[in-house]
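Lettered A, B, C and D in written order, each chain numbered from 1.
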């Protein structure tokens, strides 16, 4: 399946210009442009997220948050990036050098690969496989290898325990996340993100499959949250127990990559949830109100995407800063005794809904796009 | 059956408790923030009168203080923070008299227990609330408290002290 | 221009990000030597023995359980995309499949695998 | 008391009984264990609570003073004493098998006075390294820094404990390994985010599960007891604020009361009121911090900041009343240093409803949270017997069902005039300890409420002599600090400085129980239990 990534270029007429002036070089140039755009988006989103999280956290905690660098501390993340670049990368004795060095690569590459599959807006998607859902699940689980390698190679007992926890945690929640997505695959009958969005024009998946979809949505948020190792599921780091868990021994930018990937993963989970459950970049459309629909289309699709994702990110921050950390057995209980059985039943419920024609689009065909 | 009931009961009470917790943080999101914006708030910052920051020997407009160099404060200090050096001079009528030469106080060693102040028989020293005491070298923490060329106040002025209240003067030697 | 080439582009972008970042950091960051710096952090106390040793089997059990369900997921995804077309027959066959797996989970639960040791 | 006297003479005929203010019995070293056991098992009033264990160097002889009390009525007290002439190799018998709390205390006495205890299972020095030269609390200690130079190298910790055991063939010196050869040992502390200071636990793990904990302490040992021997009583006062800095005012109150009792100084009523109110404010402050720190240990950072926010209000009040926030410096011998400021009463009265409102919020936010419940209920179980044996007092002891509040049992200051409940729970788990603190905040508010409007006019401090000299004798004072029972022991030889001064720190008992209650729990619970015990390290490392 071919990709429409060049659409923004076509809008501006650049694509034509490329084709005519560069000839056979046009494709590599376009690919490089994609790479540059991705890189920029990756870095900027991470920086914005770090700032937003610090600010929102502060508000939850009756504090002000960063307010020294720039007005309202807006440049705080920039200052952080500069600082972390200037920090020494400390070499630890007796680490497994190769694995220690390789771990951040896994973290960043895994999140970058997933990041590439996110549809940010109409035709703003780098990798659109027809098995998008499977691809995302597969690629994002690469990150865990980074965590395990970091914990193992550090030759540090805190890191080791952190890595072990993280392994058990990740594999468990990977299941729930996968099953929750599968519920929607049952509903939509496609695994490609772009097709999923197209089908949600008038009725988001979360409404379409009503009970079943909402359960799947909640489960996906919980397990996605757990996969990103963020509180209350931050056991691999567990600041008050393991000091810094699997990245205890990392310093400077090597640590920075773990940090970066963590924030990006939060974004990725929120954006996949947006795409799969909340209609992705699709504006709010009401069947029959053509004028309204037209107006909604004036708001750019990426604004819709980031708006919806932002709400979910806020939700994840809200949860993170409200709850204490789970213990390893609580965490695994939650998954194996609650989420997974509920999930299995939920898939069956969804299948029944679909076969019996009880989804909203089946009941009201007018909603189908 | 009972265990199944318990299972679902646990699930729903759990979710309820979590939602209540989230409602608390939601409320806090909109409350007034408590962070103090130091140093911007320097002008409005209220440091309580009794806050002990720096030991001082108050000097009046004639550059006179009340310290008789008796050394009781030095004796009372639990960890040798105060050092009173006295000198002998001869007054006009030929009597020998002990006067204060240098009064040094080491901020770095002081535990701010206030014993020196409450035991001073002539109310010559007191703590002020000048709270910005950071210096770059340790040697700067040793301060000379009596001003240059200052001398003992002849007759005691009636000056009500802001603090300390209470008659504790004679408690300790 | 296939998805695969774009996938490769994304992959390379990720690698470039790390390599370039580390390169810049190594160029910019100061280095200094200190004997204590290289010691693993364990609250300021030298580590007792090595950290690389056999570890608790408890974590491993979950990995095995995971395998069971992950293989299931691979089977279920293709089924899930066409379940609408399969109709009731698809439901029956998969109920059978899921129930067996559910029994597997119930067995593990009953056996106390899910209780942390 | 007559019955006890009979009992004692029956068991140990040679015992010297003095009927001073506190019933004092002096026995030969080899009889002490028997006597202690008899008293512990005495059915009418079991003396099963070892309050203090004080090592003494009386110039010539070295000895140990045991202060026993009864768990059924903690106001009953008996003092046992035993002495040895041998200064080269002093040996006494351990009572660790009777009172678990004696274990750490005996190790402390070994470190500071060099007395070794026969049958103590682990006779390493507490606080000090094994290679320390000299015993600091002995009167002939050479404090020359060249003997114990400062070392900058990190020392490998040797987990081998010497001990002396009594066998059929006489005394045998032997060594035991603390850990097994293939244990996965991890150091939690001294530089750890949640050991509440520089505490060091060597922890043997089995996966996530704690197999054994070995407590190392002394990273901030300052030798306050030794320092005090050269200072006058008013000068010593400032140390008490630095023991358990969270109950600074209460500790200082305890020492002041001890000196006042000894020197027979009457404290004006106004000062009593101020002291009691300040103590209770201090208790709220401490429990708030304990609550915050515990939630933080369980990973709820937001709750931590809420607790600190409320605590700040109390600290500002302290700041205004006496110029100190943490180190309060308020009590002096004979009264208090500063009178209350003009709108103190208004501030306190504003605090009470505000604090109550916040307690409800804490309840909603954390006390019923399902994750928090799972991490506290049934975790770190301590039975009442263990609490008594380990001498765990305070909210933690009362969470195990032991009524040990000295404010009730041995009222001092104004506690007999106010009405309040002693909070007791019987579960003995981390959650009970957690709830106990929140409930005690409520009780403290109730006490303050009763006092704040009735502060009488008058002096705030009695005039004392220029030099306070205590008459010759021994003086004990017990007081309910925020973490448990704080005790002061002063032996005076009629001079302006104490001959021996000993503080009983509640935190030491709390920490000594940690290896027991954490065994078999998970590593994250170990941190949570630490938070629920709420120990303060400077209090242990006096």
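One rule holds for everything that comes next: contacts are C-beta pairs under 8 Å (C-beta built on N, C-alpha and C of every residue); 3 or more make two chains touch, one makes a residue touch a chain.
Keep in mind that what you see is a predicted model, and the values were worked out from it rather than measured.
Relative to the centroid of all protein Cα atoms, the closest per-chain Cα centroid is that of D. Taking A-B and B-D together, the chain pair joined by more C-beta contacts is B-D. For the pair chain A and chain D, the distance between C-alpha centroids works out to 51 Å. Here the spacing of chain B and chain D, counted between their Cα centres, is 29 Å. Here the spacing of chain B and chain C, counted between their Cα centres, is 57 Å. Under the contact definition stated at the top, the residues of chain B that touch 2 or more other chains are 18, 21, 24-25, 28, 34.
Among all residues of chain A, those that touch two or more other chains are 60-63, 157-158, 164-165, 243, 321-323, 328-329. Touching of two or more other chains is recorded for residues 184, 186, 192, 207-208, 302, 306, 309, 365-366, 369, 371, 522 of chain D.
Taken as a contact graph, the chains fit none of the simple arrangements: neither line, ring, star nor complete graph. The list of touching chain pairs reads A-B, A-C, A-D, B-D, C-D.
Only residues 11, 18, 21-22, 24-26, 28-29, 31-35, 37 of chain B touch chain A when the two sit together in their complex.
On chain A, the positions that touch chain D within their shared complex are 60-63, 157-158, 161, 164-165, 231-232, 234-235, 238-241, 243, 321-330. Chain C meets chain A in the complex at residues 1-3, 5-7, 9-18, 21-22, 24-26, 28-32, 37-43, 47, 50-52, 55-56, 58-59, 62-63, 65-66, 69-70, 73, 76-77, 80-85, 87-88, 90-91, 94-95, 98, 101-102, 105, 109, 114-116. Remark: chain A residues 1-3, 5, 27, 30-31, 34-35, 38-39, 42-43, 84-94, 104-105, 108-109, 111-113, 115-116, 126-129, 131, 133-134, 152, 154-160, 164-165, 167-168, 171-172, 174-175, 178-179, 182, 185-186, 189-191, 243, 248-249, 252-254, 256-257, 328-329, 332-333, 336-337, 340-341, 344, 347-348, 351-352, 354-355 touch chain C in the complex.
Here chain B touches chain D in the complex through residues 10, 13-15, 17-18, 20-21, 23-25, 28, 34, 48-52, 76, 78, 111-115, 118, 127, 163-168, 170-173, going by the rule given at the top.
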